[in-house]
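Each structure below is given as structure tokens.
Two complexes are shown next, each including chain A; its partner changes from chain B in the first to chain C in the second.
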Partner chain A sequence: MALPGPLRTTITPPELELVASEQLVEIIPLVAMERTAFISGAYGPLRPPLKCKVPLWMATNLKMKKKCHIIPPVWLNTDYLQDRFNEETTKEEFSRLPFRFMEISKVLLDVASDDFQNPDKLRSLLKDIREARQAKSREGISKLDHSALDLPNLCAMEINEIRPFFVRAMGVITQLVREPEAGQAMEP
Partner chain B sequence: MDDEYYSVEAILAENQKIQCQFKLEVKDMGHLEGGNEQHIKPLSKIQVPMWMAYILIYSDYADFNIPPAFSARVRNALNAEPRSVKLANLVGQGGVWYSFGKMIMKMLNDEPANEMSRLLVKTFRSRLSEVIDQAQHFASINAATSAAGGDGSIGFREGLDGTERELFALAQESTRMMKKWYETSENPRK
Partner chain C sequence: MADLDWDFAFDVDHLDEETSRQPKRAPKTSRSRSKSVAPAQDRDGDVEIQDDFDIGAERDDGGGRGFNLGILGEEVDDGGEESLVQELFRHWLNERHSPDILPINEVLLAGLLDRIRKQTSDVQLLRSDPNSSEDEHFRIMLVQTEVERLKFVIRSYMRTRLFKVEKYAQFITSHPEVHDKLSKAELEHAQRYTQTLEAHFTNSVLQSLPPEQQSLNEDMVFMPPMIPEPDKNRPVFAHARRNCPPVRLPDGSMIEMEKGQISLLSYSVIEQMLLRGEVELV
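Then we have the complex of A and B:
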């Protein structure tokens, strides 16, 4: 109970970003490096100009030292995101996006915006998608009851954002709902 | 909200007074009535706190009336528009309307209890989205302009029940954290 209140209820966005930085991304290294063991596993060898898969944290690190180009993930381009956005605005359910797309797209656009063709367009698309999804999770509030809430394809960051008050609100409703007594359970 | 032994909210809710009608004479307890009578007479109506009412009612010393916070008038108002009722004003002392309602519900049986439960759940659910909306709104605007939001929303916030206040704070905090995270992304990390 030594943690400050906000940290007790959920984990923070920067922590989620840290978790997401274990995801693999493809890079084109500009320096050579032997296969190297890290705590999370062995990566490499880096042989320019061959592509290589490394964790996001390593890619960011190399990128900031200008020692690699990051190849954008397949889902991080304007066409794909535009499709998802159209889906998001026309259909009722959440569109299928990688579970940690928010974290990864943010980190990549931060450090490697020069590796993307149209970073500004990407940013605004991501923002639109996020807002469309937010509107949907808001609707989830009205469907809230004491037993379950079904919001498929919600991503890590969104789950994290709504977790504290959804959990609390469901707890409150559980308290307020009167369970039928044992003898009456069978009645309609 | 939960009736745990250590829950401060439950203790506060137990402090709410409820009107009881005594069925028996209780000797030397007239001071509870606040008058000069020495004994409590049968059929006299006395406001007693919930924690005392439990034992009186279960031991069949007294009957209780539904407190005004859950009267037909309030029910009708809640049916008409749950968001326009100031729950905090109904109970006083930090406004623990839901907890109080839950206690009353537990003392009722069958249909009245179900009705109470329906009332509480319906009210809670229909107010919840407004609570969250306002919390998110307040997390996203600056402290300087926090007076904005229109008269209706100020009235709504003033009428929040203690439980709703907690939810408001939770939603506000998580929105604020998200916003902070997004904003740090604006300037590249170098």
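Then we have the complex of A and C:
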């Protein structure tokens, strides 16, 4: 009944995908549908071939039934990602990418790879970016101290990945910093 | 998605009953309205889902209001308030990431459960209508998908709380100031759970021990406390939803989080900002 053990310390990637699926994407519908009220808002009307904005979960659902084409988000193309990758390898900080770019790109490439011009190139770029960023977050561990750590431009999936280690490491550092103080306080 | 779909014994309808005891809200009207509107809808057969949802339609300005994504993917703050669904996701993620149990938002849950109930009853009505077209089936499917997504999140939210309620049951029972954070049902559960646990410990082991060792709350030197408490020093990843007032870090220095900033900080530092909704946990 209570939350299962493995989920207690952190959130899982499929759950992050669920969160990211609330974001809006543009689609070109292939079927018509009246404007319909959903709990998160009203979407539609779908009038092929006019573009329409719907949540990602709806777009995936429609796409799997071959009822729409998904228009890739502006950042999900080879030129943009190539630029980010160059930034990633030349600069020290993380490049600016959408907070949930990993989840969204995975969902889109899984269900709608035929809507992209060069899905394989995109996949390999995303993988390169991920690896470059992963290396940086590992280096980030050295900056960890007991008070606060800024993580500019880190995305949701990366935070989730480093969470167990960073949280524990910071807990240990905090303890180490505190204990000598407590000891000093006891001595006159 | 399939792996997430546990078989929840926790019934959302039960949650309904709990929340519907809350006095402040007007779901009754909306429910009775939906009942009276329903047959009429059924007869003309085409108005169904759409114009019934005044709230959804009013709030919306063309594209729904999911998490808007700017070019660079910063979640765009369009100045408006967040939708019920966004608020639910935020509370759910906060609860999942926070070491302490957060105040329950019963108004939000009641509102959402009302909407879910309404969507479900509308869907059932449409399904029972033999004349509904292919197009309608397709809309029904989408509406149901959304309802299932939200039910999943609500269940996960309640189960996360339940996990904390059980883990800290003794702490909660003995600290009245925490009681306000829980719903009535959660508080009752915590109290019953504590009683059962203590009765079990006493019957199985404690009564055979010498009286001075029978307590469940002994202060032992060099031992962690016997009653688990939320570890407020645990670091969390906080994302500033707007510019935040400066707060003091444990080492005495000050930090001021700017909008959009993500930091790893001790929970105790951001606790107040989290309760005020200035930061969210990611």
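In this section, the second predicted complex is superposed on the first by the 171 of 188 C-alpha atoms of A that agree within 3 Å, B and C clash if a C-alpha of one lies under 4 Å from a C-alpha of the other, contacts with A are read in each partner's own complex, and residues count from 1 in each chain.
Definition applied: a residue touches a chain if its C-beta (ideal position, glycine included) is under 8 Å from a C-beta of that chain, and two chains touch if they have at least 3 such contacts.
Small disclaimer: the values here were computed from a predicted structure and weren't measured.
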| item | value |
| --- | --- |
| Partner chain in contact with A:Leu151 - chain B first, chain C second, else both or neither | second |
| More chain A residues in contact - chain B or chain C | C |
| Touching partner for A:Ser113 - first (chain B), second (chain C), both, neither | first |
| First, second, both or neither for A:Leu50, with chain B first and chain C second | neither |
| Touched partner set for A:Pro14, first chain B, second chain C, both or neither | both |
| Touching partner for A:Ala37 - first (chain B), second (chain C), both, neither | second |
| Partner chain(s) touched by A:Met170 [first = chain B, second = chain C, both, neither] | second |
| Contacts of A:Ser142 with chain B and chain C, given as first, second, both or neither | first |
| Touching both chain B and chain C, residues of chain A | 10, 12, 14, 17, 144, 163, 171, 177 |
| Partner chain C, residues of chain A touching it in the complex | 1-4, 7-8, 10-12, 14-15, 17-19, 21-24, 31-43, 52-58, 61, 67, 73-75, 96-101, 144, 146-152, 154, 156, 159, 163, 166-167, 170-171, 174, 177 |
| Touch list for chain C against partner chain A, complex | 1, 3-4, 6, 9-10, 49-53, 56-57, 59-60, 62-69, 71-75, 83-86, 89, 93, 96-97, 112, 115-116, 119, 135, 138-139, 141-143, 145-147, 149-150, 152-153, 156, 159-160, 162-163, 165-166, 233-237, 249-251, 253, 255, 261-266, 269, 282 |
| Complex contact set, residues of chain B against chain A | 1-2, 98, 101-102, 105, 113-114, 116-117, 120-121, 124-125, 128-129, 132-133, 135, 163, 166-167, 170-171, 173-175, 177-178, 180-182, 185, 188-190 |
| Of chain A, residues touching chain B in the complex | 5-6, 9-10, 12-14, 17, 64, 106, 109-111, 113, 138, 141-142, 144-145, 157, 160-165, 168-169, 171-173, 175-178 |
